[in-house]
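Letters are used for the chains, namely A, B and C, taken in the order the chains are written, and counting of residues starts over at 1 for each.
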Amino acid sequence: MEGLLTVNNVWMMICTGLVFFMHLGFAFLEIGLTRQKNTINILFKNIFIITMGLLLYCLLGFNLMYPGEFNGFIGFAGFGLSSPLVDGSLDLAYSEGYTYWTDFLFQGMFAATAATIVSGAVAERMKLSAFMIFVIIYVGLVYPIAGSWKWGGGFLDEMGFYDFAGSTLVHSVGGWAALVAIWLLGARIGKFKDGKIGVFPGHSMPFATAGVLILWLGWFGFNGGSVLSADPELTSLTLVTTCLAAAAGGVASFIFSTMMYKNYDITMFLNGILGGLVGITAGADQMSPTDAVLIGAIAGVIIVLGVALIDKLRLDDPVGAVAVHLICGIWGTLAVGIFGNLASFDQFITQLIGVGCYAAICIVGAFLIFYILKVTIGIRVSKVEETEGLDQHEHGMDAYADFGLRQH
Amino acid sequence: MEGLLTVNNVWMMICTGLVFFMHLGFAFLEIGLTRQKNTINILFKNIFIITMGLLLYCLLGFNLMYPGEFNGFIGFAGFGLSSPLVDGSLDLAYSEGYTYWTDFLFQGMFAATAATIVSGAVAERMKLSAFMIFVIIYVGLVYPIAGSWKWGGGFLDEMGFYDFAGSTLVHSVGGWAALVAIWLLGARIGKFKDGKIGVFPGHSMPFATAGVLILWLGWFGFNGGSVLSADPELTSLTLVTTCLAAAAGGVASFIFSTMMYKNYDITMFLNGILGGLVGITAGADQMSPTDAVLIGAIAGVIIVLGVALIDKLRLDDPVGAVAVHLICGIWGTLAVGIFGNLASFDQFITQLIGVGCYAAICIVGAFLIFYILKVTIGIRVSKVEETEGLDQHEHGMDAYADFGLRQH
Amino acid sequence: MEGLLTVNNVWMMICTGLVFFMHLGFAFLEIGLTRQKNTINILFKNIFIITMGLLLYCLLGFNLMYPGEFNGFIGFAGFGLSSPLVDGSLDLAYSEGYTYWTDFLFQGMFAATAATIVSGAVAERMKLSAFMIFVIIYVGLVYPIAGSWKWGGGFLDEMGFYDFAGSTLVHSVGGWAALVAIWLLGARIGKFKDGKIGVFPGHSMPFATAGVLILWLGWFGFNGGSVLSADPELTSLTLVTTCLAAAAGGVASFIFSTMMYKNYDITMFLNGILGGLVGITAGADQMSPTDAVLIGAIAGVIIVLGVALIDKLRLDDPVGAVAVHLICGIWGTLAVGIFGNLASFDQFITQLIGVGCYAAICIVGAFLIFYILKVTIGIRVSKVEETEGLDQHEHGMDAYADFGLRQH
């Protein structure tokens, strides 16, 4: 029915816009939680990711991720986009949920997200040129190939692995690369000194909070659009589970961190919301409201413990990206085997295998890219650049030219 | 027809997202109009409200507000949500306008709004713990019970009271609590001193302005979604009246305040826009464009007078919440009896009765909560905390760690 | 079919909301690229534009722009709006794509955009009162009359001139006025001194970046809504070409400016994105993905050259509005004759004629308004006001009251 395709496609286009908007959310969150002297650098990385990411996804990513019939591990349907217009009229056979163009754009907006996660983790010390090369390879090749294993109909899809909207395929894929990157990159100067953990307060809590609220809004599209149609029951259930998990994640993280640190820590509250969102993403269409609250609440607790764990491992993750996207991404993927419609021991094992496969490709892929960059052009800025800020050295500008700065 | 439900539901989900986004609008507006030293505190309250509000509305609010058959004053359909799935397939009998899930989520986003209004009024001096307890009781119990009187099919609905999208049910419900709160709480140190009114300039006009524009956008969903379907004539007429009232409110407030104070005051312009929006909300689907312009313009003038009145009463409302949400909420509710399709003397009297009933439950409810909190755990921070800022004392952080501050 | 009208209308209402949201994007972009001392002034202008613009468009603009049958040059269907309700029921004959109300509101949101473009160009030195009078005349009369020539079915429409979403009708119309304004207004104090070009760094790169990302999102509605229905193929193709042109514009501008200036300049990257968006706007529904990438990439290069050209002409355009909206607007309009479905020599000539006609009416109209204002009330603030900032002198306030400022 043409009318139904029209509705479905409207919903998918809106979701595409919402996922696009998440890039502002990520940018705000990342600058908010870091120091003002590196603000332009982070903004620059984020607009690079979304622009270059879309071009790459158009050039080859889409056809790597959805190669059609393939061997289940890697396939490629050719460069560029091809219109599926049948004699100039609408191709109803392509899908009932969206047109070819919407399909491409929705998936293209997802593609760039994985790289954004890394952007936050490596903030304040990574060389811009090296980061840009990483983005080109990771978004252009690793993400779509990994994605094809499940969403492209590859071997993990055959096995019954379930990842509704990308707890693993997007968030963990970004999270593994973030983990590899901060390990190879080392901590910021002064972060771990004489056995103590240095505190580098973020320079704008309003931007950090706005970032999280924008990301939550974006998740309406991220999860809601992953239904791949406007099916009323599935889309609306998905929005309910998504929002309840976000709420539960935030509240749980707030309560747990207040108990541990005797302090109303807004960054924990914010990351708890994100943890809940990442956690529900793998099974947002399969959970009851109660399941969603539980998954989110556990994610909120995981965030508090995860951030402490990363610190204990002497890894420096300025925005908590590994705890939010990797650890909660794994949690959400496994939760599909524990809660909701698909819960079973077999499913849990399958989910575990899926997590393992993505760990393998992402760790290997990210390590190769970062390691080769490290031994060739280098991945870390000089000490002077780091101390004085990347904005001045890489961009020749101040993010806030008119404001006086505080001495720390 | 399944296709029409799908369209309607898409519209309602989008409106849900837009109402959710209003929480960023409120947060930006409130921090923009207050001092930087209390920024984190306000942001924290706002994310607490939306997260805890959703959980409470899921646990009991939804079933208190829409109890089904009840005595018209109070009813409860039980804890938690229940899926209306009929044998796993779509329940077309639930509504033609939206699914059960969308219904819950749209109303849940509304619920938290009332508390947000209070957040702005009590800013810069209220104890966070006391505020959080207030939110839990007011959003969890008072708002949904009061709401059931009209939207749940209660006695005011029977009487013919009309409140399309909540000039009274949302904005005045928040506004009355704000009024009670600032009366019990007292003014900020230095606000009224030696017969003079102290001026505490807001610390970020960009955030304040962004807040208002985001709220305006959110009102597309707040009013547009209150049609409870995507009916083309009603939804689009509603958007037109909403936008014209906002525009007229802003322009009227700007002209009137410029005449009174010989100054282009941006905060009056902004609050005038909000006043117009609150004013049109009760009858947005019943007005012609001309009615909307008149209602909005009057609301804009009311704002200027209302803010001056609150000051004259020695009440301290940092963001103008009482003038915007309470006074313009009452104005909008009464305007349904004066302008548009429903205008009649009888309707005006009915509207007046409705306003009175909500005044009663909200004043009593809010007074009981705040008074008990005041005599038990206390509702006001210490003088030192207030002077040095709630961010340092309640949250142990600065909102803008890297910036130098100006001495006032 | 009523269902299809409902879907189409939902899409058009969403697009209307997105175009409205562009006003926050413009406001953020303009304040971000200018100095903090003029922030309130710019915000004030932007909220004046959207509120007064909507009221004017309701009063006369809509009926000037869409006069129905007319002589092709100027027509007027009468003051105010008139409901097309046929005996209280839905008028399916009005359009299958939207209701009368949606039609008005969507076009009304467009109307204000042209003036916003001027706001950025004249920032930091134009008298507020003069600017407001300009807005009233330009948005109230010039924009809708010029618009009627094409979108109202006027003589340029008859000739076959093509401008899908307003590269010329919106962006150049704003751009020509911006050019005239900055020529009559003169440069800011210190901009061109002793043969050197002064650099006035913008005061907030986060706001500038957020502005561009919000504008990009808004363009989903600006171009997507210009299909005037939710036609799945056309709307989704339009979103794809829009996003690819934005991405290509940004990347091209970044690469080209990095080669020229050996510096990762974020403002060039941002303006490149906008240039790509403006460039694709005239033919977004007529291009293939490859065409879109080429049009965007060329726009990105044009931005870098255009900004340099404006400087060389000793014109002072603080935000690059002329390069972005005028030059790329012309480029995009001509590109319809070079790329895509309509490409032909005849079409190119027609496009050129259209560009010329709009140049004529806009230059003449803007010149008359600004010149009369200049010789009567004056268009420029005093030297003291300009040096100390318009916020203090016109608004009696600081945009950031709590922050310490840096001495330049």
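We take it that a contact is a pair of C-beta atoms (placed from the backbone, for glycine too) under 8 Å apart; a residue touches a chain by one contact, two chains touch by 3 or more.
Quantities reported herein were computed from a predicted structural model and do not represent experimental measurements.
One copy, chain A, sits rotated relative to the other, chain B; on C-alpha atoms the angle is 120 degrees to the nearest 5. Residue numbering at the chain B/chain C interface overlaps only partly, since under half of the positions present are found in both copies.
Centre-to-centre separation between chain B and chain C, using Cα means, comes to 33 Å. Across the assembly, chain C contributes 3, 7, 10, 14, 204, 400, 403-405 as residues in contact with two or more other chains.
On the chain B side of its complex with chain C, the touching residues are 1, 3-4, 7-8, 10-11, 14, 18, 35-37, 201-206, 209-210, 212-214, 216-217, 220, 224, 230-233, 235-237, 239-240, 243-244, 246-248, 250-251, 254, 263-266, 269-270, 273, 288-290, 293, 400, 403-406, 408. Looking at the complex, you find that chain B touches chain A at residues 2-3, 5-7, 9-10, 13-14, 16-17, 20-21, 23-24, 27-28, 31, 39-40, 43-44, 46-48, 50-55, 58, 80-81, 83, 85, 90, 98-102, 104-105, 108, 128, 204, 207, 394-405.
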